[in-house]
Each structure stands twice: as C-alpha cells, then as structure tokens.
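This report refers to the structure that appears directly beneath it.
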Amino acid sequence: MTPTPTTGPADAAAPPLGHDRARERAELLVEVLPYIQRFRGRTVVVKYGGNAMTDTTLAGQFATDMVLLRSVGMRPVVVHGGGPQIGELMSRLGMEPEFRDGLRVTDADTLDVARMVLVGKVNREIVSAINMHGPLAVGVSGQDAGLITAAPRDPSLGFVGDVSQVNPVIVERLLAEDLIPVVSTIGSDEAGQAYNINADTVAGAVAAALGAEKIVYLSDVEGLLADVHDPASLVRRTTVDDLEAQLASGRVQGGMIPKLTACIDAVRRGVASAHILDGRVPHVVLLEIFTDEGIGTMITDTREGDR
Amino acid sequence: MTPTPTTGPADAAAPPLGHDRARERAELLVEVLPYIQRFRGRTVVVKYGGNAMTDTTLAGQFATDMVLLRSVGMRPVVVHGGGPQIGELMSRLGMEPEFRDGLRVTDADTLDVARMVLVGKVNREIVSAINMHGPLAVGVSGQDAGLITAAPRDPSLGFVGDVSQVNPVIVERLLAEDLIPVVSTIGSDEAGQAYNINADTVAGAVAAALGAEKIVYLSDVEGLLADVHDPASLVRRTTVDDLEAQLASGRVQGGMIPKLTACIDAVRRGVASAHILDGRVPHVVLLEIFTDEGIGTMITDTREGDR
Amino acid sequence: MTPTPTTGPADAAAPPLGHDRARERAELLVEVLPYIQRFRGRTVVVKYGGNAMTDTTLAGQFATDMVLLRSVGMRPVVVHGGGPQIGELMSRLGMEPEFRDGLRVTDADTLDVARMVLVGKVNREIVSAINMHGPLAVGVSGQDAGLITAAPRDPSLGFVGDVSQVNPVIVERLLAEDLIPVVSTIGSDEAGQAYNINADTVAGAVAAALGAEKIVYLSDVEGLLADVHDPASLVRRTTVDDLEAQLASGRVQGGMIPKLTACIDAVRRGVASAHILDGRVPHVVLLEIFTDEGIGTMITDTREGDR
Amino acid sequence: MTPTPTTGPADAAAPPLGHDRARERAELLVEVLPYIQRFRGRTVVVKYGGNAMTDTTLAGQFATDMVLLRSVGMRPVVVHGGGPQIGELMSRLGMEPEFRDGLRVTDADTLDVARMVLVGKVNREIVSAINMHGPLAVGVSGQDAGLITAAPRDPSLGFVGDVSQVNPVIVERLLAEDLIPVVSTIGSDEAGQAYNINADTVAGAVAAALGAEKIVYLSDVEGLLADVHDPASLVRRTTVDDLEAQLASGRVQGGMIPKLTACIDAVRRGVASAHILDGRVPHVVLLEIFTDEGIGTMITDTREGDR
Amino acid sequence: MTPTPTTGPADAAAPPLGHDRARERAELLVEVLPYIQRFRGRTVVVKYGGNAMTDTTLAGQFATDMVLLRSVGMRPVVVHGGGPQIGELMSRLGMEPEFRDGLRVTDADTLDVARMVLVGKVNREIVSAINMHGPLAVGVSGQDAGLITAAPRDPSLGFVGDVSQVNPVIVERLLAEDLIPVVSTIGSDEAGQAYNINADTVAGAVAAALGAEKIVYLSDVEGLLADVHDPASLVRRTTVDDLEAQLASGRVQGGMIPKLTACIDAVRRGVASAHILDGRVPHVVLLEIFTDEGIGTMITDTREGDR
Amino acid sequence: MTPTPTTGPADAAAPPLGHDRARERAELLVEVLPYIQRFRGRTVVVKYGGNAMTDTTLAGQFATDMVLLRSVGMRPVVVHGGGPQIGELMSRLGMEPEFRDGLRVTDADTLDVARMVLVGKVNREIVSAINMHGPLAVGVSGQDAGLITAAPRDPSLGFVGDVSQVNPVIVERLLAEDLIPVVSTIGSDEAGQAYNINADTVAGAVAAALGAEKIVYLSDVEGLLADVHDPASLVRRTTVDDLEAQLASGRVQGGMIPKLTACIDAVRRGVASAHILDGRVPHVVLLEIFTDEGIGTMITDTREGDR
C-alpha cells in the first residue's frame, strides 16, 4: 500500500485556476476562519483504522488531513491498530489465529508478529504518507520512554494488555516541536514484558492524558446507529449518560463496545467531545472539524454547547 | 465607516451546509495546504489604502484576510496612509491644502491634523475591524518606541519626512505575541519633532527591516500597466532591474513612483517579492497568496523561481 | 503644545558644577536610596490630566518624571483623558457639545472626534515628550489587543462607556520590555463598537488589573479638602472606609467623585495606596514617591503603615 | 530473544557486601572519576549488531552499558542493523534472498520485510532491554521527522539506499530530554520511497551530523587485524590516512570495508575517534571508555593525543 | 594542610590495567548503576569536620568524593565547622578561650578570629582541594546574599548565634550551575551583626531548606552507639521518634546532642534520611551512598523503606 | 571596624523635610537622570582600599554608594586588597614581614595569614557593610569556580602571583542575579596552589574580562599628579599613550605603578575609561559618575569623547 499524495507541491506545474475558482477559494478560506480560530492550539487525537487505512486513496487523504490540521495550528495525534494486517502476516507464516470472546489469544510468537506489523509496517506507512508533505511525523510505540504501562487483561489471553498508566511526556515533547506523533499500541509492564493493547482503548487513554479537545474514531460505519440494521437511525449527538445506559442495555455489540467505552472514559476525564466518524468518507475529519453541523456521532458530557 | 464583518462567529445559528458544499469545503482546504505550508512563519507587510480602505465591505474583507493569514501561521503587518481622510478633516476645519510636486505642504497645524486622522481615526478603524475577530490587532505609530526615525525631506515642505532609520523591535515583539501590528506612518527626528511620511515608503522600509517574505501594495488599479491607458497591458511579473529602467525612462507617473521605488528598495534589501494588487478586488491578498498564478504585478530580484 | 525638555543630554556643554553643588548631589542621591529600594520593580499607574498636561513646562517635567521612575527600576504606566482638547476640536468643527449630569452626550460623530483627539493628539504628545529622553514610550488604546472591554453606561448618553473588563496582557508585555505604556481610554464592546470612558475610572481599573503598588491622580487642586472652600483643610491621609462614608454623605462634588470612587475600587482590589496630587506643582509625582511625608492626599486600606 | 537484565533494582534483597568488597567499590569509583569527567556531556554513537545483539546475556549487558553511560552524563545513541534477522523472517515466509556483491537485492516485498524486522522487532528488543532500567529509550527510524534522506545506490539492487543527508534534529531533541535514541536504518527519498541502508554507514553519518566524540562499532572480531588470519596482529591504533592506504591496497575485505569507510568519513568530518570493538566481550564499551589503554582498534585523525 | 589528590588526571602516564582489573572495573560500574540512578538529581548535604578534615589524606579523599557525587548527577553541598582551628589561632594570638556549657564564649575579637579561620582558612582549603579536579567549588558564607539569618543564643555567650531563617537562593543558584557550594557557618542578624553558629545545626537547617535527600554528618566515631563505651553497640538504623526518646532520657552526651537534634529537625522537615558516619574511614560517603547496607547510623521518619 | 550606615531605612522616624528641601530633592533627581540613563546596565569595577576602607565612616559611605549604583541599574563589582590588615595580623602573631622591591615575600605561613585576612576578614566586612542595605553582596575569592588562574611572579618572592587567566563566569552569574560580587585577590595555579596577587592588577584584569564600562581605583591621593609634590598639578584627563610615555620616563613611583599599568591594560582591552580617585572624599564614586566634570584622573584610549 503506497498512499497517493492528494496534493502536489505548490511549485508543480498546474493549469492556472480560472478567476471564478480562485475567488471561490478565497471565500472558502474566509468561511473556515472561525473554525481555525476555535481549534487553534487544541489537541485532537484520531484513532485511525479500517477502510481509511487499507484504501490507498483514503490513506493519502487522511495523511493530508493530519498535515492540514497541524498547518492551521491544531495538534493532531494519530493512534492506530492493525488487526487485519496482523492476521495477514500470521497467515503468510502459517500461524493459526485463535480468538476468545473476540480477542486474539496472543502467545509470544503472535506478540512478536503483532509488534512487527504494528510498529514496523502499519506505523511506518502512516509516517511515510504524512512525511510526503514534509518531515512532520514521528512514529512512537507505547514502549518508548514509558508512554504506556500495560497490565495483562486475562491470563488465558496471553500477552493481551490493558492500559494501566499513560505517561504522555514523549508525545507532548513531539507536539511542542510541531511534529505529528503516530502511536502504535504496544505497551510494557513494569518488568519490560510487551503487550498488545486494543487501539480504541489506548486512543481514549492518550486523549485523556493529553487533555485533548477531541477524540475521533474512524470506523467503517456512519456512526452510532440507534438501530444497527438501519443506516437512517444515525445518532448525531448523545451524552455519556445516555451511552452508558445504552451499553448497560446490552444492545450495543462487537467492536463498537470498546469504542464507546473509550469515548465515555475520555469525556468523563475531561476531553470536550468524542466522535465516531465514517472513515470511508473522504476527508471526514475535515468535515467534522470545519463545519457547524459536523458529521457522524458526537458524544459530550451534557447536551449543552455547540453543534 | 464601520466595516461589516464578513464572518460571523462559529457558534452563530447558520443554515446547515449541504453535503456537497461541505465536501467542496474539505477539498478546497486540501488545495490550499501547500500555500499554507510554504508561507508558515513568514512575515507579510501589507500597505493598505485607497478604495479597499474607504469601501465598508472591502474594509471588512481586508480585516478578515489579515486575521486569516495570521490564523494559518503567517505574520501580517499592516501599514496604512490616509491622504483623503486628512484632506476631509482639513476641509471641515476650513484649512486650505497646499501641494507642491504632489506632496502636501505640512505646517504644524496640518501635521497635527494629519496625526489625529492617521493615528486617531484611520488606524483605529483598522484595529477595530480586525479586533471584531478577537483581540488581535495593536495600533503602533512610527513614534512609538523609536520605530521610525525621520528626516525632513525638503524645508519648503515643512514637516514632510523621509525614513532615515527603522528600529523594528516593537513590531517584532508584537509579532512574537501573535498580534497583528497596524502601523501609522508618523515618525520623529532625533529632537522629537514629528513628521508625516509617505506610507508607501514606510511600508517598504519596514518590510526590509523585518526581513519580510512579501511586501504587498493595495492600489486602485490592476497592477503595473505597460501602457497606463490600457488595462489589458498588465505586467504580471517583472524584475527590479527592468523596473529601474522603466523609472529612468520617465514613463511612470504619479503615485506609482513611490510604490515602485519602495518595491525596488525592499527587494534589493532582501524581501523575496513585492506585489502591486488591485484593492478593489475582494480578498485580493488571499488571491495572491493562495494561488499559483497570483494576481496583479509581482516584482522579484531575478526572473527565476515560482509563479 | 510642545513640551520643553527639562534635562539636556549629559554630554551637552554645561558649566561645571561647583564643588559644593557636586557634594550636595551625592548626598541627595544617598538620601533617596531607601525610596528607590522600596519601590524597585513596583508598578505605578499615573492618571495624567488637567494643568499638568496643558502647561508646556509642566508637561515636559511630567515626562521627565516618568522616565526617571523607570530609570530607577519602577514601572510607570500613564493613563490620560482629554476633555478640554475634545471640546476644542468640536468647537473648531462647529459641533455643539451637549452634557447630561456632567457627562458628554456622545453620538457617533462626537465619538470620532474624541477618539481622534485622545489617541491621535493627546496620546501622541505624551509619547513624544517622553521619547525625547529615548525610545521609551508606546501609545496604547483600550481597543488594542482587547485591553479594555466597555459596556454602555446609559443609552441616552450614546457611546459613553463603563469598564466591564480589563485584559492587561499588552501593557504587561510592554512593561516587561522596559517600555512606558501610555493609555488612551477608548474601549470596545464585544461587537467592536468603540466607547469613550472616563479616564479616572480606567486608571483605577488598570491599576487593579496590573496589581499596581500605587495609583496616582494628578488634579488641579491640592488634594482632597475636608472643606472644599478651605485649601488649609487638606486631608493628608484617609482610608477607604472613611472615604465611602464621605461619598455617602453627599458632600463630595463634581469631578472628585469618579476619582474617589476609582481610588476606593483600586485599593479594595489590592492596590497598596491611591494618591490625589496637585498637578500644578512641578515634579509632584517625585515629591510623593521620594519623601517620607509625601504630598497631597493618600488613601489606604487601613490607617497602619508608613507615611 | 529476551535479554536478561544484569542489574537488579537497588531495593532488591541482596546479600550484604563484605567490608572489603564495599571498599573496593569505593576505590573503583574513584578510579573511574577522571573518565567520567572527561566524557561528561559528550555524544557517543554505538553501532550495535552481531553476537552482542543475538546473545541474550550480551544483549542485556549492552543495554546496561548504555544506561550507565547516560547515568554518568554521556549521551549515547544506538544505531542498529539486523541482516540475519531479516533473513530469518524471509526464510519463514519462503522468500528467496538474492545477493549481488554482498548486498541484498531488495524488491518492494523484501523492503517490507526488512522494515518490519528492523523497526518492529530488532529496534523494539533494544528499546525494551534498555527500558528495563527505566523509561529511557525511544526508537527512531530514519524516516521519522526526516532524519535520513536516502538515495538509491544502484538500480539493479532495488530499494538499497545510501545516505544523502542527515537531519539530526529529532535525535538532538531526544538527547536534550536525557533519552537514549535507538535508530533503525530505513531512510526515505524526497518522494517518500523507503530504502534499506547499511547500518555501518548510517552510524558514521549520524555521528558526524551530531558532532559526536566517539563512534563505536561492535563487531564479531577483536578489531582491525593487520593479518586477518592472525588474531595476534590486532592494530591497536591507527590514523585515517593509514586506513585509506590500506583500503586502497585491497587487503581489507568483506563487512570490514563499510565499517572502515564510515570510520574514515566520521573522523574526517570531526568525530574525535572511531573504534572497532569485539562485541563478544562483556561490557566492551565500558572497557573502551573507562580505561586508558582502551580495547580493540582506535582510529583518529593523527597519531597525537591520548591512549 | 595541603590535601593530596587521590586521582591523577586521566591522561597521566599510568601502567596499563591488566585485563582482569579492567573487567573488574566494568563489573563494578554495573553494580553501582542502580545507586546512581536512585540518587540522580538529588541534593546531599554533608557536614564536614573532625579527622576527615585535619588528616591530609582523608581530606583529599573527601574532596574526590564530592566531585564524584556531582559527576554522577547528584548535587552535593558541603557545610563545615572548624573549632580546633579557631582554638589554634587564638592560642597563637595569646587569646584565652572561655567555654560555658561546652559553648565558646565569643566576644568581638573572638568572633573576628573565628570568622577569619572559618571563611579565610578552612573554607578555602576545602574549596582548593575540590578545585584540584576542576573549577567546581565556590565558598559561601552564611552572610552572603542573606543565606543565614542569625539570632543570639544567650547574651552571656556573646556572638554565638542560632539559625532563625535560611534563604537558600544563592546555594540553589550555584547548584543550578553544576557547582559545589562550600558553606561557612557565620550568619548575620537583621542589623548586620555577625554570629558564629554551630555547624551541625546549620547543616540540618540548610538541608531542610534545600529539600535535600540526605544530610550526612562526618564524625570521629562509628555512628550512634547504644552504649557509648562499646563500639560493638552501633545503632545501624533508628527513627526520629526513638531518637527523641533517647535524647529525653539524658543518655546522649557532648557533641552528639546538636548532631542528633539537627538530624531530627531535618528529617521532620522533609529530608528523607540523616546519617552519622565515621569520617576516619576512607571514602565513607561513597560507602554509604553506593551500597545497600550502608555504613554508620541512618535516621529516618519511620522504619519502612530501604536499607 | 564596623561601618556606620549612612542611610536609615525609609520608614524610620525622620523629621519631615521642609518644602524647599523636598523640591530640591526632586530637582536633584532630574539632574542625575541623564547619568542614570547613560550608565544603565553597564558594569563598573571598583578597586577598593586605603583610607576609604579603614575609616569607618568612609567605609559605610562606600557600601551605600555600591548599593546606589546597583539600585539605578548599574552593575558594580568590588575588588579589594588589604596589605595593612595582613601586616597587622602578622605583627600580632609575631611574624616578621620581609619586602623585596616593595613586594611582600610570601612563604606558606604568610600566604595562610594573607588569605585569612583578605577572605575571612576584609572581604567579610565589605559584604557586611553592603548587606546592611539588604541581601545584596556575595564574597568571592579568585579560587572560587576558577575565577583567577595565577602564575608565580618570581621564585624568590614565594607565593606572590600574577594573573595568567580570568574566567569571569561566576561573577557574571552573580551580576545576572542582581547581586554585588566582592572579590578577594587570592588565585590558584593549575595544581591548586594558592597565590596572593596585587589587587590593582586583579581589578584591571577582571574589568577587562567582564567588558566593564569603567574601572575605578580608590587611592589616598587626589589622582595622578604631574608633579608628585604639587597637589595642584592634578592631571584631570590623559590617554593610555601619554601614560605609557610617562611610565617609560621613570617619573612615576611606588604604588602608582601597578595602578597605572592596570589602567592601561584595561583600557587597551576595551574598558571605556579608567579612573584614579581620592578615596578620602566622601561618596567620591558618585561624584565621578554623576557629574559631567568628574573628579580625579580619567584615562581613556583617545582624547575624544565626553568630560
């Protein structure tokens, strides 16, 4: 997968814009000014995965979006997973995946593969795609400088971990240098043993530790659906209290559970809003940040405030 | 003159964008990214005047443009004149203006009026218009903290001055605080005597002293015309050498002379490019900065490089 | 009005001091040392107006005093009004002033004139007079960088405002650069509308926001008089409680009311002492700061402490 | 491979030191003081590989040595390769390695495997081993923040690169935070294409760019041998001029060539000394730094100076 | 007394270490790493006196130890007394010492002698001994920059003082410059009158004011003895509560009283541990800091924690 | 010698100033303003000694003068000798002074006495006298932090040294903290051996190393006399060239030689002016700095410039 850059360098030969198009461009800039002013200096953590990561065009657009956020003064942080890519290498190596309650049982060899894929392949591709716009991204793993301390989730799952502590200093230093940190979700316990941790969970914990303004999840659905079989039932805005009731009701299923749990945790710990967006929509992060009505599902502490 | 703000605050009630319009907005942002990256952290001095200053709508758009440049990481500095406004107050006061070679003969009373109008009226209106977007602009006069040291141009003209030295520290400090300096062109000689100085000249000298990337002049014509009677003869790009030849030829006339002289000086002293734009075109500064083909006339040291 | 500098540069040809005079100078320096040590690094806000501003000699002496305070390590801030000067220009323009309860009814045109006079004339003259000693003063208006947020006082008065908030960052930055801020008292409401505000009130609010050590009012009387008709009845020291009682009694009249109210507010909000001095006395600010017994009226929170 | 930590935490239960042993410890410390003082604040780049990396015990000792250098005030930087580990994963994946002139022909799939192994496995194991002593190490790849710009070596080799530029800012920032950078040698060209680069070459280029005091190569031989078949012919000290003569003579062979070339380059560009050490000797880096006589081969600009 | 440096400069001609000795050196370094890591950046105040100060060899070793602590990242502060040296000069001058309750009665002349000896002789010798390793030590007296404010202990004792306040700014500034402060225990009262103060007391007060990790007293006994006549009765560890009981019991005598009192005060005010060590043992401070079992007597708040 | 403070604290009960005296005080302040402005931020090194040091009243006045210079923004540094005080203690100890060519032959015991007197007595008295005005002074010896590296002057003189190098960092740090360094002139050679150095020489070398504006010598004569027997022959201003000629002529004698030599060296190395003043005149340093005509002898590079 080599992402296609969606913007050429400014000095590339390009057909001149027509006069109308130039004027439209100026007007667009004026329209987005209030959004730039509102989010200037704010940290936005984006959990990146799914189609947005595997589709070459979408991946290039995502990289551009991250560079754009930074260029107008925001501080984006990317957190990524990579389950399918892990499965793919295991399959090439003839290893048999084993799942228990939807979680991959992770022995030492599987952990080794997971780490290679996440840190050495997926992270690298994201960093490369961003750095086509300049030397902006730096890959970080949860093991670097003690970023993520892990604890085993359940002995029967092997090296599957939970976040027990986040020390965000290394990420803050990179942000202070105007760099874009790209985080792989391998953590260590106190004894140095590595663990693979659910990326949705890590993203929320990192957002809380950084005092982020927003945590954004890119998924392969439009957002949270009131009725999972009805795309028209998109919940455009909800609160953490409502979400908790819904989780307690048992109606939410599958991969949406860790996402929603992480959203609730992050908002409860001070992140202003959490978002579940459809990563299949081009530039969906920009659509969320640079429009009043936003897109997808927005989760806040109370019903008050904008949107 | 009360400028009309062209952007409302982001939380104002606005009709939702249609889906297409939102997508278009995202795409236009991606298009301008290379320009934002190119000019990030660069200083742009804008000489403001003419219709762009007296037309209420254009004035509001200009203020928005300055805020926008700053919001995407550039460092705009506004330098303004105000001849017509000075004439207007003199007329209300029953004072008879006297010109010699196109320069206003400036006695003590005229100087007093000029200073009141420039510092106390024109500068204030620009600051107010910018500050409708937030507490961003600060008015500065050439007398503040020794910014502009003046020397008399010609005894018979009274208190009409030339720039003998620029001490840009106060402007640099304001830029370092992410503020937008708005400069009135009254300077002082060593003995504290005030002088009114041509704003075109001051703008160029300030740009050179700041090591600016661009100096932009807003005029009431499309740019430099090869044939002053033929709007179709717009010179889109030229060099300082060519311009000097042209000035020497005597074909250039009127208010264009100090502008071109200031452009040549600024470029010779390290400003990357000078621009003469049509201030009657809405958002003309954005059109120059955020398009490859630019607008108006661009003056550089050599013919090489972009555009 | 061009203030006469009262100190020539040190290298000017001067008759040699006699031996006795030189010795006296050394001894006087030693005498003032304790005062310099006591006020080093402290902020002193001076409300400047009245005769001290209109008399050329006094104006030059005042400028020298401000430079002197700064030179021995204090941080002076000048706040000025300019009612008579506003009236003068209105009269030249044939405008009819209208007062209601002692306050000038201020329509848009009057506001325009007030702003021109305050920011473009009075402020400039103060800055010029100070800068004859070096590039030290910077003019600031309440509209610059959001310094003073105003609210309308009474709809029937037009654009006459009250201070609703002070954001002293711009003044603090200038002080940190060892500059002398000179503040004009035009503020803005949230919508960018300018208002003319009573300078006595602004001075007190700015002193409180800066955590100043002293707020000093220069008036055209000796200080607060117990009996307004008896100059011998000067109150040399009083407390805010006593002053409030006196204001409640209705015996205080005219322009002294906003001064005393501002003094009370400033002291209640942490300014160590407020002073009402006779601006007609040469170097009266120095007399207050560099003598134990002071001069004029001093207002503190309690009766304890020096003087 | 999980390195065994060679030092337990200080609070672990340990048998008490005998009196003699304690005294010996104090004396040892006194002996090493001059070395600590000499190298305080100096940067030492260590190219890590070979047996020292694959032997579990040696790997743990190496990690301890890096922590020790940092703890006494030096600034170690680790640069690593991983050829055998790349070969191992390729073999597990049934990929056929192809070599030309000793260099691995690297197609897109091979590059992918190389990057996964270097960044996602070898780098991670080094970081983990160091971080058993605390949150000290941070993995960095040549693609992060534009650290290493690569150029293709030879079209027929595919994605095998040479170093065309080093931008050491990210490494300097990590050093300034008292962290230990661990560098994987994947670089990017201007278009974002990744390349695998010889780690010996990268280590020398990084040392030069950082203005390092020492560049240290850990190999599987005792050092440079005058007669490659005679271990007793160890060259203890030589100069870049002598080395160049020797390289020109054609007597040096195999993997020693890029090491020596990199040593010469680094010393020519200002690194004070280059060292080829036997990575099979426990704590060999400490033996070099903390003794006068050193160990292995030392290469300097001239014959003068210590050792 | 001229201390003998115990370490020569690293470049001095030295016989080569045998291979075994070099290896031993590396291993010992690895052993001390956990101690270096534990105390990095921590402040250690050492009260220096007794045999360790008068024996030339021990004095040189002590200086080396202080340089070593600093070289591995600790922040040592030396506080010294000098009773015997004061007595010696008094005797040379034919002055008759007079003691009351073990305290020297100190008239103006005695104070003069004490100050000369402490500041001008003892302090200088310590500074000189340390600076043989480089320009590291700076002598400071309690009168410098208001470090120690003194109060008279008892009028009948003359200028014998107690510590009434410590202003540690000057010491902190020197530590921030990586220097080693050496403190003489002469303080001043508010009126500038000097007092000689017990050095044990000053050391504890300075340690508390600095938030030190350890306060270490070098004495001429092995530590605190349960039975003062039985060297085998050494108390290896105790708490401040136990010590207070013991002091109350009256069994502690002589110079040990101010030491223990100062230890209790320092620990009660936040110093993690206080130590009474035998200054006659070479490198005794290193033995305490770089071994688990320590040496001498250790006093902490509770019985918990390491040792 | 206990200096009498010449200024009481400002809050002491004092008889009120008469009105005339207060006005005179204000005028005096205005007169000295240009001098304060001229020397703000400049370093002034004062060599202190002679009557000004031994006369109690003069000593107190000198301390006040140093505090005053600092209070108006200058940076005074005091360098002192103490020959007579050394002689006095030697005499009390029954030691026989021996002079050769006017220099004290200094064996180890004499050096010990010299150091005690200079560092432990004279320096302390100066620090105490200054600190009666606040915690402002810090004593420094040439041995602290490597301030002065000494070389032996002549083997037959013993430990009499010359300045071979000045490392002014410790003095600069104290000045940066707004403290007043008081320097004793004991230096060390590379091996840590102390030397007593002529204070006039040290003062000049320190002034040059600090890039001082002025070096001021307090002597017991009016200045440099053209005819040493005629007080009326005072040389008010001269140049280094003239002085060198005069020294070569052999007419200058005694203690004036090292002073003049040090003046020449300092001015040649960039100090703007050197001064020889009569320390018997109260506040003589103030008379020099705060008058145009100055006092005593002024030495500059050329005849141009003020005075």
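The chains carry the letters A, B, C, D, E and F, assigned in the order they are written, with residues numbered from 1 in each.
Operating definition for what follows: contacts are C-beta pairs under 8 Å (C-beta built on N, C-alpha and C of every residue); 3 or more make two chains touch, one makes a residue touch a chain.
Worth saying up front: this structure is predicted, and the values here are computed from it rather than measured.
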item	value
Chain pair with the higher count of C-beta pairs in contact (E-F, C-F)	C-F
Longest centre-to-centre distance from subunit B, chain (CA-based)	E
Whole-Å gap between the CA centroids of subunit B and subunit D	56
Approximate Å spacing (C-alpha centroids) for the pair subunit A, subunit F	68
Interchain centroid distance [CA atoms averaged], subunit A/subunit D, Å	35
Where subunit E touches two or more other chains at once, by residue number	134
Touch-based graph of the chains, sorted into line, ring, star, complete or other	ring
Round-the-ring chain order [start: subunit A; next: subunit D]	A, D, E, F, C, B
Partner subunit C, residues of subunit F touching it in the complex	6-11, 14, 16-17, 22-38, 40, 61, 64-65, 67-68, 71-73, 133-134, 282-283, 286-287, 290-293, 295, 306
Residue ranges of subunit A in contact with subunit D within the complex	5, 89, 92-93, 112, 115-121, 123-124, 127-129, 131-132, 134-141, 143-146, 167, 169-170, 173, 177, 179, 186, 188, 191-192, 194
